[in-house]
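Below is the structure I would like to discuss, written out as structure tokens.
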Amino acid sequence: MFKKILIANRGEIARRVMATCREMGIATVAVYSDADEHAAHVLYADEAVHIGGPEPSASYLNIDSIIAAVKQTGADAVHPGYGFLSENGDFAERCERENITFIGPPSHVIRSLGDKITARKIMEKGGVPIAPGMTRPCLDVEEMAKEAEKAGYPILIKASAGGGGKGIRVVRESSELKDAFASAVREAEAAFGDGSVYMEKYFETVRHVEIQILADRFGHVVHVLERECSVQRRHQKIIEESPSPAVTPSLRTRMGHAAIAAAKAAGYVNAGTVEFLLAPDLSFYFLEVNARLQVEHPVTEMITGIDLVRHQILIAAGQRLSLRQEDIEGRGHAIECRIYAEDPENDFFPSPGTITCIKEPSGPGIRNDCGVYSGVEVPVYYDPIISKLIVHGETREYAIERMVKALKDYVILGVRTPVPFMIDVLESEAFQSGEIYTHFIRTHFPDWKPDTRTHDLALIAWVMDELTGNQRAAAGPDSNRIPMPYETLGGWRMA
Amino acid sequence: MFKKILIANRGEIARRVMATCREMGIATVAVYSDADEHAAHVLYADEAVHIGGPEPSASYLNIDSIIAAVKQTGADAVHPGYGFLSENGDFAERCERENITFIGPPSHVIRSLGDKITARKIMEKGGVPIAPGMTRPCLDVEEMAKEAEKAGYPILIKASAGGGGKGIRVVRESSELKDAFASAVREAEAAFGDGSVYMEKYFETVRHVEIQILADRFGHVVHVLERECSVQRRHQKIIEESPSPAVTPSLRTRMGHAAIAAAKAAGYVNAGTVEFLLAPDLSFYFLEVNARLQVEHPVTEMITGIDLVRHQILIAAGQRLSLRQEDIEGRGHAIECRIYAEDPENDFFPSPGTITCIKEPSGPGIRNDCGVYSGVEVPVYYDPIISKLIVHGETREYAIERMVKALKDYVILGVRTPVPFMIDVLESEAFQSGEIYTHFIRTHFPDWKPDTRTHDLALIAWVMDELTGNQRAAAGPDSNRIPMPYETLGGWRMA
Amino acid sequence: MDYHLKIQEEPVTVSVMKGDDNTTRISIGDRIYTVTGSRVDRHHLHLTVDGKRGDVFVGPNGSGKHIVIEGQSHVVEDMDHPGLSARSRKKATGIPDTVTPPMPSVVAAVLIEKGGTVVKGQGVVVVSAMKMETTLVAPYAGTVTAVKIAVGDKVNPGDVLVDIEQKTETDESVG
Amino acid sequence: MDYHLKIQEEPVTVSVMKGDDNTTRISIGDRIYTVTGSRVDRHHLHLTVDGKRGDVFVGPNGSGKHIVIEGQSHVVEDMDHPGLSARSRKKATGIPDTVTPPMPSVVAAVLIEKGGTVVKGQGVVVVSAMKMETTLVAPYAGTVTAVKIAVGDKVNPGDVLVDIEQKTETDESVG
């Protein structure tokens, strides 16, 4: 087993990986940029290495710097978390060359799955259902027109080189194809230096359902059930759950088998996720493979009791996967809310700043994977995720109730968060019905505003804070002490 | 469903019950003594009523005062928690007469199970295995001598009126019987005004294994698996787990059936626990029924995903139990450590005082049911429990690792706790082997001392606290802010 | 005593009187509340309002206070003591009246030069915060008289990044 | 600079010197550590000791400090500034030299009266803390000259609950 693991990431996911390392008795190394000297993941590690300036390119994406940190500390392995270098074939290959264990799939698998058309080809060959459309790059609009007729409109044009939503066009009827094709090619050419595009059928009303997989080096692959990730804003998942309200036991088996087939077709090793589109008729189509630990992996952990990070480490250390498919069973219902530093009253713009106070919810069935603490600054340079709040309940209904209560118990001062928005989503009939498609937020919360039911209470709080001597309490050596009511009002009464 | 529930308890269990009430949209009423005006359970409730002086008899055991609080606030139901009035037949009966729902079994069931001989008789009649011995009160040593020969020595003499360990004697051979009998009768007479005693076989090496049950008003009873509670100090459980390392699937079924038979024989309604002694040959004997929620109920919740308090409330509201026996399945392994305010370096004497700082462990698979907060006083009048730390892991081994890590992450300043002792117990081969009997602590940790491996670090911490300006940081308005290393050493460097 | 407060941009007058038995009476509009409270820690107050208890959490937010209650988040400012935090916010029209970022951010691109002319709504600076890029636009047509920032600078709401001299005679937005 | 500290009743001298690059060098016995640190909050320090990082938590404990590190709990006192907290503790013999409770507690029963005589080891007061009763015994034979408490009183370690005038000539423990 590894003696020391370097976590090439930051924030909540770095802490979450370190938590399992500490349980396993493995020493941890944090890396940090100038902006993260006092970050939570740095405090939580056994050692920490400064790797560069605040911009990701100078630090968390800086391969040379991270490899140097591995060598300096003598770490055996690197866990990349999600984002940053987690799906970077060059980084995985560099680790392979330097004899550092990369806790993830081999570099050639990352590369082939990272290319959209290659991935589609692998899946088609492996018998995994893919959305009707093309599996080769296309530079000719006539060729695409023929394929589009076969698949049926609406269709989606995508750049083969792909990434970041660039070069994507929805085409609703044939008359629009020519212009959309030209503009997609132009954008792809500009963005990637490669104008080739391809086409898939576009589904208006669709769920995003993904299957977690675990695969060891010996060809043993299991799926660890599904996650429903349809609640998205700006193509970013915000609420995930498991099981999916749409997935029946037989569909679960079929999607699980498809995911295992996908993993086998790709030669996948370690933990990964096969994303599917699930249509209302319960047909499903391969979307992509996330060749890393997902942000939303805790919902799977909550319903299965399995620690995915531990299995990632065991697999990377060359061990056989101890889990058999028949041992993996979901129980109850889990929901995750992503708590970002963003202002729901200002178009969900990022809200970086200093967290003056955080009180995490706790109690039965509640888990909070948190990357900050009271007094820390949430820097402007990185993903705005502060924490992921996850609950487990006996049923979906109970889990929703538990999440609402946990959100109401969650206190974050200093930066804004979507907590008030999340509460309204979870309490909505639309969410509770389970009829969730990727346009859910657009459809049901197109112009959300916070309600005003606590306005009077907030004004009262402002006054009472003033009267109970905020300034004095903060300045005194005893500010932890609870003043008696008489004392707390004393200052005001004498004024 | 109830609109408002009064929780006739304090500390962590009051908060834990309130958490489920809040999830269910039920308003909560706390009661508090003079010593608890600022206690955590009071802050967590929607309403709070002062019920008397700090001594339990004046407040949490004061039936009139609690009934008055129910009427004053218009609560529909009372949840008694554990301890205090939870197994007091008079209180349950008073609630019945006043038309207040008591969330627990009927008063006559509490009374008959509270009497040791009556309970043994009920169980014998219901076909539940009881330890060999007598089922009638005895005042004649010759009669007992005959029964003792039948059961075989060693035997245990117990007072029928029973309670608090009074009137209990272990007799190892027949020659000791006469003196022991006489002294037990004297003690019982003095303590309860009733000198009658009875006798059971005594087991030297035995486990304490209990079965959780749930029973609705319609005669539907399920068992919710077992808990292993053999790790005890001064007859008080300190570490509990589920499943029991000793219980095989077939034994689980047999013990479960016995517990269901016990519940049916007693006419039990609501959540309860049937305690058994489990001998090394896997024979088991009824010990007693705890007619309430147990302290250690969270380990059952962690492995089954079931919220026992929710089911208590649903049952009390007259609903049918929604759980079927075949739906109840354990998964993984859960362990609970009871965190008391006690000093492991001073014979585990109580350590009341003010909690100057508490940082609760959190993360995957960790739950902490906590009844205190930074700045609160732990009063001298009540049970010293501060919180219960519970973890869940895929296997017993992983759960132990997780608990050790969680204990190491747990910070409590101002009162002493058994955390260092717990770490040593969990890390011991003896505990890890699963060979745990009720004399475990006596056998393996007869004279525990904390190790000294962190002494140097503690001395360094003392110095660095001094150098980084503890006083100034505490006094300044910015004490939440993180000073830079240069600043933190500044004061010292100028000195 | 009256306080003139602003909550979520809405001005409200709050009157505070001493009540009986160490209570405080607070009136907001035609609603009168009887309040007691104690401070649990620097940011945590426990209030009893008309018999119902609750925790409220209060922290600084510029010259105002950030207040969180049961998951709801509020900014309350004292209009009698307005401070630095009264920063320009995006107006309902969608176009602020100065070139200032909506959030603390880093300058990712400068799209104009000093001396250049811009039309209303033209992108002038791209700022980036937490992986999200936002293009700041010219609030009116005119000539760029100063570019006060460069790529990589950290900027905050209220900072004016670019000065534009307004082209007054032919205001395109008329009509 | 030298500190004379006491940890878990053990006296230790700790020498502190300035190191290179804002480090502090701390020597304890023959062990020398290179330390840097920062304060995360009032009770939380983050230290790097010889390259290994860790959180330590420090709070007041009478005149000393209560320090928690990785689940281990320590009381450290400054012997150059001894304070009120240096209270009498139970000695290894099992009998303290005054009638004082081992923990903060409430008097549950008083077993003697003023003017009465007691033998060494005789129970004189029962105190109760957190459902646990402890009987305090006479440290020596003698006559009770004062009973300073009554049932229900809150008492603390160090408080002398009963004065006993020692019977000197016939000390039973001799021999």
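Should a chain be cited, it is by its letter among A, B, C and D, assigned in written order, with residues numbered from 1 in that chain.
In this section, contacts are C-beta pairs under 8 Å (C-beta built on N, C-alpha and C of every residue); 3 or more make two chains touch, one makes a residue touch a chain.
Note that the structure is predicted; figures quoted are calculated from it, not measured.
Visitor: Between A-C and A-D, which chain pair is linked by more C-beta pairs in contact?
Guide: Pair with more contacting C-beta pairs, A-C versus A-D: A-C.
Visitor: Centre to centre, using CA atoms, which chain is the farthest one from subunit A?
Guide: Greatest centre separation from subunit A goes to chain D.
Visitor: Centroid from C-alpha atoms only, then distance subunit A to subunit B, rounded to Å. What do you get?
Guide: 39
Visitor: Suppose each chain is reduced to the average of its Cα coordinates; what separation in Å results between subunit A and subunit C?
Guide: Their C-alpha centroids are separated by 30 Å.
Visitor: Let me have the rounded angstrom distance from the C-alpha centre of subunit B over to the C-alpha centre of subunit C, please.
Guide: 50
Visitor: Which parts of subunit A, given as residue numbers and ranges, touch two or more other chains?
Guide: In subunit A, the residues touching two or more other chains are 38, 356-357, 374-375, 408, 474, 480, 482.
Visitor: List, in ascending order, every residue of subunit C touching at least 2 other chains.
Guide: 38, 40-42, 54
Visitor: In their complex, what parts of subunit D are in touch with subunit A?
Guide: Per the touch definition, subunit D meets subunit A at residues 38, 40-42, 46, 51-55.
Visitor: Touching subunit C in the complex: which residues of subunit B?
Guide: It comes out as residues 38, 42-43, 45-48, 373-375, 480.
Visitor: Can you check the complex and tell me which residues of subunit B touch subunit D?
Guide: Going by the criterion above, the answer is residues 55, 341-343, 345-347, 349-353, 356-357, 359, 380-384, 407-414, 416-417, 419-420, 423, 450-470, 473-474, 479-480, 482-486, 488-489, 492-493.
Visitor: Give the list of subunit A residues in touch with subunit B in this complex.
Guide: By the definition above, subunit A touches subunit B via 15-16, 19-20, 22-25, 38, 298, 301, 304-307, 310, 329, 331-332, 356-357, 360, 362-370, 374-376, 392-394, 398, 401-402, 404-405, 408, 471, 474-477, 480-482.
Visitor: Spell out the residues on subunit D that touch subunit B in their complex, using ranges where they run on.
Guide: Per the touch definition, subunit D meets subunit B at residues 3, 5, 7-8, 10, 12, 14, 16, 18, 22, 24, 26, 28, 31, 33, 35-45, 47, 49, 54, 56-61, 65-74, 76, 78, 89-90, 102-106, 129-132, 134, 152, 154.
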